[in-house]
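In structure tokens below, several structures.
What follows is subunit A paired twice: with subunit B in the first complex and subunit C in the second.
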Partner chain A sequence: MSDALDVGSLDRTQRDALRRLVLSLADSKRLMGIRYSDWLLGSPSIETGIATSSMAQDEWGHARLLYSMLKDLDIDPVPIEHDRASEEYASVAPLDEEMPDWAALVAAICLVDGAMTTMLESFAEGSFEPARGRVPKMLAEEEFHASLGSAWFKRLAGAGGDAHRLLGEATRAMIPDLLAWVGADDGPARAMVEAGVIGDADGRVVAFRDRVRALTALVDVDVDAVVPSEDWDPARARSPGHPSEEAVERARGDRNRALFVE
Partner chain B sequence: MSVTVLPIAPRPDGGLASHLSVHKSGGRDRWSEPLTAPPEDPVQATWGLLQEVLDPEIPISLPELGLIYGVEWEGGVARVRLTFTATACPCMEFIREDITDRLEAESWIDAVEIIEVWDPPWTSERITPEGRAKLRRLGVSA
Partner chain C sequence: MSMREKVYDVFARKDRGDQLVHIGYVDAFDDDTAKVHAWTTYDEERWFEMCVVERTAIIPVNRQDGPFAKARREAHE
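Coming up: the complex of A and B.
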């Protein structure tokens, strides 16, 4: 583990890079929670609906803790959470739209949530003290997501027919963007590696591929052969585009704006 | 030991029960009378007071549930290091308010400072033997 980072010693470029990293993780967690919440009703069983409810709750808890890390950069997280336009969100691209079917959500549990866990593991082992202290609890909660996702992925992959086909399509659609995100290696990403905040891009990609290889093989996707997406928005560390307006209205809490208590 | 059972009285205007404005746990906790003189060991006394603050969902105390990571005392300020069972625990605000309400009922405590901590992460391993015994009597295994 690296020595603790002295945030006060960071120059402007490094601070912006750290802000980008934290926002990328926090926004992705928030949108992941929304995508879980889309399936509170209408998932294959009452039990899976309850599971998505719990996972949505977890993701928003993680988002809350991640947004609060911005305070260490003297950034007020409240307007970040509640006042941004959809074009400013830094969540990963596969969460932009509602999952079209249960198979896509299962793919997202394993791949999108899995990519976030890969990043968080690296973040927790880095030099940023708030991440060291708060992320291990998130990772412990993520173990349950991974367990449920893996079980469902195997079940759908083994079912053949439409279940196998839809799962494969979702897997193929998600991985390129996720590889680009996990493997970000532009200037800000390198600045964070040099500051010891997060591990190097190659290591993160290896960890992600190791995490999902056996599962994606079940739907005939060789994750080692997938090429990362080349479209990249360096301001937000994600592929171009943005989450749907409806999702961002929920993320911001527009309906409850008069009731904010923060 | 004498106990104070908080009132559960409806407001005249038909709104929330009056106790909700002063005690967010809904009056379930049973608190002893405030001490009549400052204790010799404020830290130990604070731990004792926290034993009267129950988790809002499970009827064992916050120390028994393993949520209190530390208590410090400095110039009239009781500083409580608190964690939660989950990052999105829906009872966070209730727990914070219950701690503050209970401690501020003591005249020798000028202020309460709650520090949220996540390291080490809470697991059920942190439940004390006393807490486990109580849960077992309630038919809950932990």
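Coming up: the complex of A and C.
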């Protein structure tokens, strides 16, 4: 583990890069929570619905902790959480729209949540002190998400028919954007590597591929052969596009705006 | 591969010195999902320890008319 980062010593470029990284993780967590919440009702069983409810709460808790890290950069997280337009969200592209079926949500548990865990593991081992202190608890909670996702992925893949087909389609659709995100290697991403905040891009991609390889193989997807998306918005560290307006209204808490307690 | 779910009974204790007590059950299709379902369903306490056991693995000692005996009979039919 590298020495603790002195945030005060960062230049403007490095501060912007750290802001981008934190926002990318926080927004992705918040949208992941929304996508879990879409399945509180309508999951395959009552227990599964309860599990998605619990995971939604976990993700929002993680998002809140990540947004609060912006305070270390003298950025007020309140307007970040509640006032941004959807075009400003830095969440990963596979979370932009509601999952069309349970198989897609299972793919998202394993692949999207898995990609976030890969990034958070790297973040927790880096030089940014708030990440060192707060991320390990998130990773412990994520073990339950991974366990549920993995069990369902194997079950649906082994069931054949539509379950296998839908899972394969979702897997193929999600991985290119996630590889681009995990393997970000542009100027801001390299600035974070040089500052010791996260590990290098190659290492992160290897970790992600190792995490999902055995599962994706079950739906005939060789994760080592998948090419990352080339479309890239460097301002938000994600593929072009943005989450749906409906999801962002929920993320911002628009309907409860008069009742905010901070 | 079967999508059929099984019943798992859930046992937990709040503190190290407490007895392990039966707190409920969950339906799940394997051990891994049973663990997650138990942990997320019975999350009203900060449990020191939680375990799940497939109901068919419980051997009734003195009663043959309850849910445990019924589960074993059905498993062996």
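The criterion applied here is as follows: the second predicted complex is superposed on the first by the 262 of 262 C-alpha atoms of A that agree within 3 Å, B and C clash if a C-alpha of one lies under 4 Å from a C-alpha of the other, contacts with A are read in each partner's own complex, and residues count from 1 in each chain.
The rule is short, and it goes like this: contacts are C-beta pairs under 8 Å (C-beta built on N, C-alpha and C of every residue); 3 or more make two chains touch, one makes a residue touch a chain.
Everything numeric in this text was worked out from a predicted model, so none of it was measured.
Within the superposed three-chain model, A:Ala159 lies in touch with subunit C and out of touch with subunit B [touch as defined at top].
With both structures placed on the common chain, the touch criterion links A:Met119 to neither subunit B nor subunit C.
Once chain A of one complex is fitted onto chain A of the other, the partner contacts of A:His62 are limited to subunit B, with no touch recorded for subunit C. In the superposition on chain A, A:Ser45 makes contact with subunit C only, while subunit B stays out of contact range. Contact with subunit C, but none with subunit B, is seen for A:Ser147 once the two complexes are overlaid on the shared chain.
Residue ranges of subunit C in contact with subunit A, taken from their complex: 1, 3, 5, 26-30, 32-33, 35-37, 39-41, 43. Interface of subunit B with subunit A (complex): residues 86-90, 117-123.
On the side of subunit A, the complex with subunit C involves touching residues 45-48, 50-51, 53-55, 144, 147-148, 150-152, 155, 158-159. On the subunit A side of its complex with subunit B, the touching residues are 57-62, 64-65, 132-134, 136-138, 140-141.
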